[in-house]
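Following this line, the structures themselves.
In the two complexes below, subunit A is the common chain; its partner is subunit B in one and subunit C in the other.
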Partner chain A sequence: MTTPNDPTVSDLVCARCDVPLEMGKVNASYLGQVFPVDLPRCPSCGFVYVSEELAYGRMLNVEQALEDK
Partner chain B sequence: MDSKKVKQWEALCIEEQPPACTAACPLHVDARAMVEKIAAGDFSAAFAIYARIVPFPAIIGHICDHPCEGVCRREEAGGAVRIGLIERALVEASYPTLKRTAQQARRAKRVAIVGAGLSGLTAAYDLLMKGHQVTVFEADAHPLERLHHDYADDLPPSAIAADLGMLQRLGVDIRCRSRVVAGAGPLGLDTLIGDHDAVLLALGPGPALAFSPTVRLTDNGRIDIDPFSRATSHPKVFGGGFHSEQGERYSPIGSVHDGRRAAASIDRFLQGASLTAQRQDDGAGGTCLFVNTAAHPPVPPVEPLDRRAGYSEAEAVEEARRCFPCHCLECVKACPFLAHYKTYPRRAVREIYNNDSIVMGNRKSNRMIDSCALCGLCDAVCPTDLAMGDVCLEARRSMVERGHMPISHHEFALNDMAHARSARFALARHQPGFAASSVLFFPGCQLPASSPDQVVRLYRHLCASIEGGVGLMLDCCGAPAHWAGRQQFHEEIAAELRSTWKAMGQPTIVTACSSCLKTLGQSLPDIPVHSVWPLLSELGWQIEASPAASLPLAIHDPCSGRHAKGVQRAVRELAAAVGAEVRELSGAELTTCCGYGGLAQFANPVVADKIVDQRIGESEDDYLTYCAMCRDNFARRGKRAVHLLDLLLPPIDGSDPAARPDPGFSRRRENRTRLKMALLKDLWDEDMTDPLPQSNVVIPDEVRAQMERKLILAEDVIAVITNAESSGQKLKDRASDHFIATGRAGNVTTWVEYELADGVPIVRRAYCHRMEVEAKP
Partner chain C sequence: MDMPDSRLFLGETQSVCPECLKTIPARRFAEGDTVFLEKVCPDHGRFSAPVWRGLSSYLLWAEARRAEARPLLTATEVKDGCPHDCGLCPGHRQQSCCVLLEVTSRCDIACPVCFANAGRHGRDASLEEISGWLDTLAAAGGPVHIQLSGGEPTTRDDLADIVRLVRAKGFGFVQVNTNGLRIARDPNYLQGLVEAGLDCIFLQFDGVDDGVYRALRGVPLMKMKARAIANCREAGVGVVLVPTLVPGVNSRQIGAIVDFAIDNMPAVRAVHFQPVSYFGRVPHEPTDEMRITLPEVMEALVDYSKGSIGIPDFNPGSAENPFCSFSGRFFVAADRTLSADGEAPASCCGVPAGAGEDTAVAPAHQESKCCGGHTATEGSCCDANTHERKGECCGGEEQRKSGGETCCKESVEHENEPRHASCCGSAKASADVARAQRYVSGQWTRPSPSAGPSDGLEAFDAFLARRERRALGLSGMAFQDAWTLDIERLRQCHIHVVSPDNRVIPFCAFNLTDRNGRSLYRPSGG
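What follows is the complex of A and B.
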């Protein structure tokens, strides 16, 4: 895959709520399994941000590990 | 998976059969591995392989009668590898590294061996290594007396001394000038039997009448020895040596094997085990390992500079490099999928079966199973016709049925199939002005997605050339469901196709796709399905010289048409009729996949690219094919390629069809829908009720190419942006002023980074994942 060119999280603001993202508790789920993780999210509306690096890195690894269980 | 079937598949693969040299050696020295190590300059590893099997490396290294050379397959390409001379150089270079330590037997037994020839001393060595106490009785003044006389020219006394020294360090007790006689007395056979747990009579040639009271003799006065177990009529006495081999040529390596076999029996006897159960030391034999010797140019053997001294180390290395080495691996050489996984069918079949059988734990081979293109090339090159595609498809079916195969491997392709089967493409109509069809044109789903314009022109040509009405059926044959191992789904699709065909009056189906021809032929065997190319060839083609045929074209037959000889012939006739100089690549029988087959390019794009790249590398010529996916995959990987229709129906705008880029999956969908809209409008004067969504989103080419690699559709990206712009739910990157939005369609979450230039969204990046994320309340 391409090298992700993700923005710096501190530069991201929720456009609707006009507030910067903050790290917060998020539930990640796949194939019936739920994992609590910390991810950047809008403190107001809860919009969760997933970077490309995360999507094709750790997240993909977990997806594939669960698929092969 | 059916374990019986799996065993049959495994048994078909001959790669694990021994090479001829190993099979012909009574001791089964792994000469191939040893010579490979020497070729790599690793003498100590080579010597370890040799000395692990050969009891007396110094002696045998000089005088082995090397039956291996007589069967060496290099003989067919310049001359047999001189394994004997290589061994001699190896032993001379590496003997000082020899280290041997006997096992500690829990209860050491006492064994008497009569005769200190190669056979007797080999038995002594093997039993010493097992931890037994061994006493050897020899009538002559020295052990190995025969070798001193018969091999004086080849065998330096120092070599004999070295190996005997080694044997002595293991603790052997050799008593020379000790002729064993019959009956009682200090050297009487009966006394030996009484004082020892077992006795081996490793005698030389000639009758042994004196021992008759103790052991049964044969009619010619030799001890009656069972040829397999070396047992005699006395349970504690075993026989060996040259004694029983009367009249045969003496073979040093044969003598060693003889002693080894007797020692194995004695060890079994001492442990109270059966002498025959599960014994595999069957001595010299043949092999069914296939070796493509024709693939190796002849190279003559290396002649030693000094014949008497034999090979120098450098000469031994050079000669060792003449070893192929012998392997079959015909399929692995042809198939980038097997090569990628560094495996061969026998091992792969076992791995696939194990993966299928796992109850708890990780199924590590899921992706491997889904990476086979099911193209049938392995089957075509295999000396025993083993088809890995059958194995992989069976495994897919078994795992899909039990819900064990991840849908992620094939979901994109199955969605593409669903698109082709939806109202956005599917259609079945009689020719305008006809109430019935004599034939039903079924172009497939990928040709219309790649070249919609040519499909319209081809359909018009068929309508003009065939009487009785040419119906049109736009649909997918269900090949993706078949390839994905979704058997039930595939059967449902076949049933739907059948009912459409019935509703059209059961005409003969004519398809422009090799995969449709094969898939429909298998799933609907009672329905007449033909390829369009022989039909066109029969009808004749009007234009004389096609502009795309100005250069020679190398022909690539689609893998699904590997055995469709009539189609292959017709395609070549049509190409020739429009002036193309067609050159063969591998020939149709040995054609390859383009990576799309078996949905390999979705489950494993790396393997699929290796498959197509290997094919591309076969010729500098532009490629000619008659499968839209083959053409587009060649184009995607940078190879100039034309479809047969580019020759028959050259682009109206005069563009170079070989330079046409791969449309990609997003445009394929658009093309299908545009084709249906155009046909409905032009032929039936109807407007399509579900037109393509209008959008002002700009996707630059390089972003589109990245999206293709990530299997992200333009329509999903547009939907994410449209939703973000209407709902306002998006992130803003203050550094770049780009927006980031997301949306979930089916099982996939798509993220899009875009900017707004005067209100027009320009996509900068897209990515996706399957996991769902949700903020905790």
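What follows is the complex of A and C.
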């Protein structure tokens, strides 16, 4: 899931809680569809990190597929 | 409006006289379950034609949002009024979505029904001419889809060079509209097209037996159609089956055509039904019984599904006038049952400016904003008051719903405005057209081989794979002829043709002929 330019999960720290993010199950939902996926999240506040590669890659493809008529 | 008691008045518009093509007032009305377009020419009398058989779906379609946008570039002035000033003119109300290039007027069969009036002898456009057309489209500013058409484009040995030229000029999607004979006989020719960048074969496919082809095309073609599809499967290019539906000839084969499509998935990506229109080579004035309308096609599809899908599972045209089309994407189960994909239609946000951005997900590297993002919690990120199209000229949901007032009180107010101008400032690319293009390219293109497994993101991959491999597009488009032409619809047309003199002309205007075969725009005179 990561690319050479992406930080590893252990590098990510929640700016609000100042604790390292951990991989965890997240329900990503959009336009009524729910996708259980594993993403880095803050164990304290639940804040989720989405990498740029994912946001502009598969996640965008899924969003556009849902938005299309 | 004075109407007999048995008629339900539905609206006024304009049309043309089928005899002289003069623009005349027209009105829509329902009688029983059928919607008619009626008009009276002061010189040639009254004309009436059924345009929609199914009042309940008509009222449903009438509620659809009217997507409108100013052309980014116009080439003609408003002088004689629609449909006599096409080029596009400043009165047009939608940008180009798919543009047809008629690369030849030659054809290798002589169909009794042919809107292009093609024959065995004709002329090929030169590569220089085609290059000029593409430059015109590029200058008009839109990343349009290109359909190479004719005549029969595969009569040209250099068609791959044309596909390559289209690609080289930056157009993102190119399809070839063909009867399939050449690609059935010559898989190497097809492979050359694919290697040049072809995305899709738009295959004339009227039915599943030779009786249909003998009636409509004059020759038995079924084996050749099957071979063409097999070659497309081998070459890895998507196929859209395109039946021209003619009552009494193949209108009872709608289900059989879908069956054939399912048998040939995923190479066959969609079936795009086109009820017959009467322009070009038409021997007699059409009677009501010679027409089939879009809701009848939808009903036949619902019947085929044995009720597993319904009319509400189809969507009205979202970038063109709603009454010009229907479309639906359906999943095909292992037992061949069709089901609506269960995914919400485009409602909020249209085309996202970015992705994965959301207040709930909040990627660390990007600014949060509404629209285009997933949420990690329940609900949508999008608030009903936040629409990216807000403020768009005549196109925003807030500005025009069915019959509602737009930012422009009367469309005619635009007609003498300077080119490139919009009532609300500069014209901009239509989000509706972009979305329609993305839908077409996404569904009609053969999927690439699946990517490998991705840890933790299998839910995304499974969703995308299901759409690519098990989804079948079922759609229909109603072209308008001199009897059915509704100028309100024509002004929103987004399927255009580049004429030999570099004008961009809405498809139905380009092919419009009077009852004697005289054409407004087609060089051969129809």
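Heads up, the rule we're going with is that the second predicted complex is superposed on the first by the 62 of 69 C-alpha atoms of A that agree within 3 Å, B and C clash if a C-alpha of one lies under 4 Å from a C-alpha of the other, contacts with A are read in each partner's own complex, and residues count from 1 in each chain.
To be clear about the criterion, contacts are C-beta pairs under 8 Å (C-beta built on N, C-alpha and C of every residue); 3 or more make two chains touch, one makes a residue touch a chain.
From a predicted model like this one, the values you see are computed outputs, not experimental measurements.
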Contacts of A:23 with subunit B and subunit C, given as first, second, both or neither: second
Partner chain(s) touched by A:32 [first = subunit B, second = subunit C, both, neither]: second
Touching partner for A:59 - first (subunit B), second (subunit C), both, neither: both
Which of subunit B and subunit C A:46 touches, first, second, both or neither: both
Touching partner for A:11 - first (subunit B), second (subunit C), both, neither: first
Set intersection of subunit A contacts, subunit C complex versus subunit B complex: 1, 12, 15, 26-30, 36-37, 39, 41, 46-50, 52, 55-56, 59-60, 62-65, 67-69
Subunit A-touching residues of subunit B, taken from the complex the two chains share: 362-364, 366, 406, 408, 706, 709-710, 727-736, 738-740, 742, 749, 751, 753, 765, 767-777
Footprint of subunit B on subunit A - complex, ascending: 1-2, 4-5, 7-8, 11-16, 21, 24-30, 36-37, 39, 41, 45-50, 52, 55-56, 59-60, 62-65, 67-69
Residue ranges of subunit A touching subunit C (in the complex, touch as defined): 1, 12, 15, 23, 26-33, 35-39, 41, 46-52, 54-56, 58-69
Residue numbers on subunit C that touch subunit A, as the complex places them: 315, 318, 327, 329, 343-352, 354-357, 360-366, 372-380, 435-436, 438-439, 442, 454-461, 463-464, 467
